[in-house]
Amino acid sequence: MNDGAGPDAVLALLIITDLLLLGSSRLRSCITITALQGVVVSLLPVLLHGAEGAVRPWILTGGSMILKGAVFPWLLLRVLRESGVRREVEPFVGHTLSVVAGVAALMFSIWVGTQLNLPGPVAPNQTLMVPAGLATLLIGLFLIVSRRTAVTQVLGYIVVENGIYTVGVTLVGGVPMLVELGVLMDVFVAVFIMSIAAYHISREFDHIDVDQLNQLRG
Amino acid sequence: MLLWALLILPPVLAGTCCVARSARRVLLLASVGGAGWAALAGATASAAYASGPLFAARGWLYLDALSAYHLAVLGLVFGASSVYAWGYFQGELADGTLSLRSARRFGALWFGSAAAMTAVLLSNNLGLMWVGIEATTLLTAFLICVHVTPLSLEAMWKYLVVCSVGVAFAFVGTLLVAASAQRLGLDASEMLLWTRLRESAALLAPGPMKLAFLFLLVGYGTKAGLAPLHSWLPDAHSQAPAPVSALFSGFMLNTALYCLMRYLPLVEGATGGTGWGGGLLVVFGILSILLAAVFIVFQQDGKRLLAYHSVEHIGIIALGLGLGGIGTFAALWHTLNHAVCKALAFFSVGRLGQMYGTHDLGRMAGAMRRSPVWGIGFFGGVLALIGVAPFAIFMSEFQILRAAAAAHAFVALTLFLLGAGIVFVGALRHAMTSAWGEEVCEPKLQPGGVADAVLVFGALALLLLLGLWMPGPLRTALEQAALIVGGRP
Amino acid sequence: MNWTVVIPPAAGLLLAPLLFGVINRTKALFAGRHGQPLLQPYFDLGKLLRKGATYSRTTTWVFRAGPIVGLSATATALALTPMGGLPAPVRFSGDVLLFAYLLCLARFFTVIAALDTGSSFEGMGASREVLFSALAEPALLLSLAAVARETRTLSLSGMVGSVSAGTWLSQGPALALVAVALGVVLLAENARIPVDDPTTHLELTMIHEVMLLDHGGPDLAFALYGAMLKLWVLGALLVGLAVPVRSGNPLVGAGAFLGGMVVLAMLIGVVESSMARLRLLRVPKLLVGATALAVLALILILG
């Protein structure tokens, strides 16, 4: 595992940021942690494919880092500022239990990874990357479902995208550049629109507690 | 050429909407532009049928029989909705509730979503197809909120989060498809091209393909409104203005199903034609039909009723696709029928809602007496939707029943009949009350126009016609499209 | 017998109070004071040993046994602890479990001695101590399991001895996670901020201190010395893993180790000066987080 130190560190940081997100209730630190996770995940193309000498991984890494490290936090911090919310409302699943659930998700993803026998350019010492990506996806989903603040749901979506990105970069080396850029653009526009929506919600309702948006039923 | 024109025209129109001088002009541009684009779409589709598949952009843009058929349906729905939007927003223009900003936003997003849906239909690259679907979610989100109210915000938020997450799952599926295509040794720029994958479908790795199809079904199924992932549907459809709802139900749901139709032959080829993918589709389809049936019985709101009808019909289309054979043919035909019918129903309910000030069915009682055109439109639309003969929907549902019998899927057959029966009784009750019931509220009548009558009676006539007689060209078109999806015509 | 095996326990017995001195000095420096002399803990122990002890009439032999058993158990654990590359005098496969259990035994007797007094403050402190130790136990054992898996041995001396610079190069992230988890366990077990404040005077906020409230004289000296040895023992584990200097020369190894211990004490002092104690309800979160890190390290090493 000698040359695996870089991806290993990314892996560890990815999961640590997942668990930190699950356990944290201050919204500003949640946004910072997600930004950190985005930057760490953006390093993957360069770490995994950078030695091949192409320019593509560098462009992807650069663009992704700017988006996830600077633009998304700025958008979400703006929403926080407008709505004046600092702390998360008590979520449906308590924080400690969420961390335990996150570890359980990691175990489950590793088990799924062993069952899968995925083909693809997965180097033998990178067998934990895909399960880590899957775990991140599950944890992001958990965040969306169990949290009540609109901002945390957007963060959960970004985490889901980070997980998918990890799985994608590890599994498939050759997706065309245009598609990758298109995906990045999509994620950017999605977060942009979600933050605008959250802003409208905070203006219209005076809070961003999504659980109270329950007028439409049946 | 044609393909590029189709793609470029909507964004250009969207840009023009952004700089229009008045809300009136925006709406005029929307209706005329929409109708014009629809004509272009129809022309392109017939060109594809006449001369075979069209390619462009080094094979990344592709129009074969399946996508041409869907393009024609999109053109029909989009054109009709654009013309309808002109009439629908007249009242709001008159009393000024539609501000210039909202109108510009509406126009730009209206054409933007058309562009995104066209991109989905035209793209040969599966990744770009995904980008298009995600773009439709994002662009249509604010269409729900033309008027920013608490309820519409709630609907939009749910729609955004649920559909974005669902589409993210679909992306994992796309990645897994690419992973299973690794062993084909394709060049990077060709790896996700559908035409290439279709040629060598039997060589794809079955394990990842199965997992991929599962993810894709969950992902695109969320966007299509298959139960149990349909929770965003009723809210979004009921809060959006009627032209937008018509576009949603009439076409956007079909776009997501179209994506599934593209993946079905791939997964069937990879798993050796055992019908594994089809089986999953049948399960989801039946689930949608039954769930929708239950909710329809208890509905009070007109637009939510129609939204649940959409869930049911998407379930029927999925059922047909899953059964294969005649089922595929019938499912594709049902796409057209449902699109026309649903658009008609939403048009009617939208105008009636404007007249009565509410969408509550109880309060809209006696509509047919007061407003003949739209009342007949609503009643006729609901009748057609629940499958009354001799409308077209009855015929396509009957074909699907035949397909189920031919495939010996008797459980599915029984459950389908059960669901359809519940829907028949429940919805008929609502429709009769609203058409002939004792009048509860005084409606604010709006002057009807020629366009209104054309929309309503034209649609009804089309449905009746298709139910009684299938034109030759339509039959050939459907057969060619069904062949692509993998069923025998 | 090789004379170098005497060094680890001898160093521990002699130098454990010095750790407390370094911590207190660092905290004083942060506060801008000059602080106690570095050797003050030795003088405190000596003073306590010369005093007499008072025993309440409501206590039994358990109360008297508490500090004694605690000290002996911790001292026995000291015999199992290696010092960087130098092996401990007592070593056999599986001694890592004995180590954990000895610390457990010490804690158990402290707790029942506190409960024996029948006072409500001690009872409160006892229940908190037991809760936090129960949560810190998995973190400790899983971290040690990760290291055991990497070094393929179940003996503490073998584990710490086999971790060299090469191990860090190949398993860096995993070992870093283990170090962080062990650090949190260290802070929790030794009643340091952010788990417990050793300088608080309010019984309601005490966890470890309150259990020693009723002891006096030699008993308090034993309990205090036992706490110092516990800090040394857990710190030795952490420093042994974190400072992978494994040259053949025992003096170089010992020197690096002692340097590491001093740095650890200074770090504890820095943490104590810069953080406030966590709310009691949030300490379980911290400990569960440490457990999660240990699990992650184990997964990384297994995978």
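Chains here go by letter, A, B and C, matching the order in which they are written, and residues are numbered from 1 within each.
The definition used in the following text is that contacts are C-beta pairs under 8 Å (C-beta built on N, C-alpha and C of every residue); 3 or more make two chains touch, one makes a residue touch a chain.
Note that the structure is a prediction, hence the values are computed from the model and not measured.
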Chain nearest the overall C-alpha centroid of the shown protein atoms: A
Reference chain B; chain at largest CA-centroid distance: C
Separation of mean Cα positions, chain C and chain A [Å, integer]: 37
Interchain centroid distance [CA atoms averaged], chain B/chain C, Å: 66
Whole-Å separation of chain centres (CA-atom averages), chain A against chain B: 31
Of all residues in chain A, the ones touching two or more other chains: none
Residues of chain C that touch chain A when the two form their complex: 169-174, 176-177, 284-285, 288-289, 291-293, 295-296, 299-300, 303
Touching residues on chain B, where the partner in the complex is chain A: 125, 127-128, 130-131, 134-135, 137-138, 141-142, 145, 148-151, 153-158, 160-161, 164-165, 168, 171-172, 175-176, 178-180, 182-183, 187-189, 191-192, 205, 207-208, 211, 234-235, 238-239, 295, 298-299, 304
In the complex with chain C, residue positions of chain A that touch it: 1-2, 5, 8-9, 11-12, 15-16, 19-20, 23, 95-96, 99-100, 102-103, 106, 110, 127-128
Partner chain B, residues of chain A touching it in the complex: 116-121, 137, 141, 144, 150, 153, 157, 160-161, 164, 167-168, 171-172, 174-176, 178-179, 182-183, 185-186, 189-190, 193-194, 197-198, 200-201, 204-205, 210, 213-216, 218
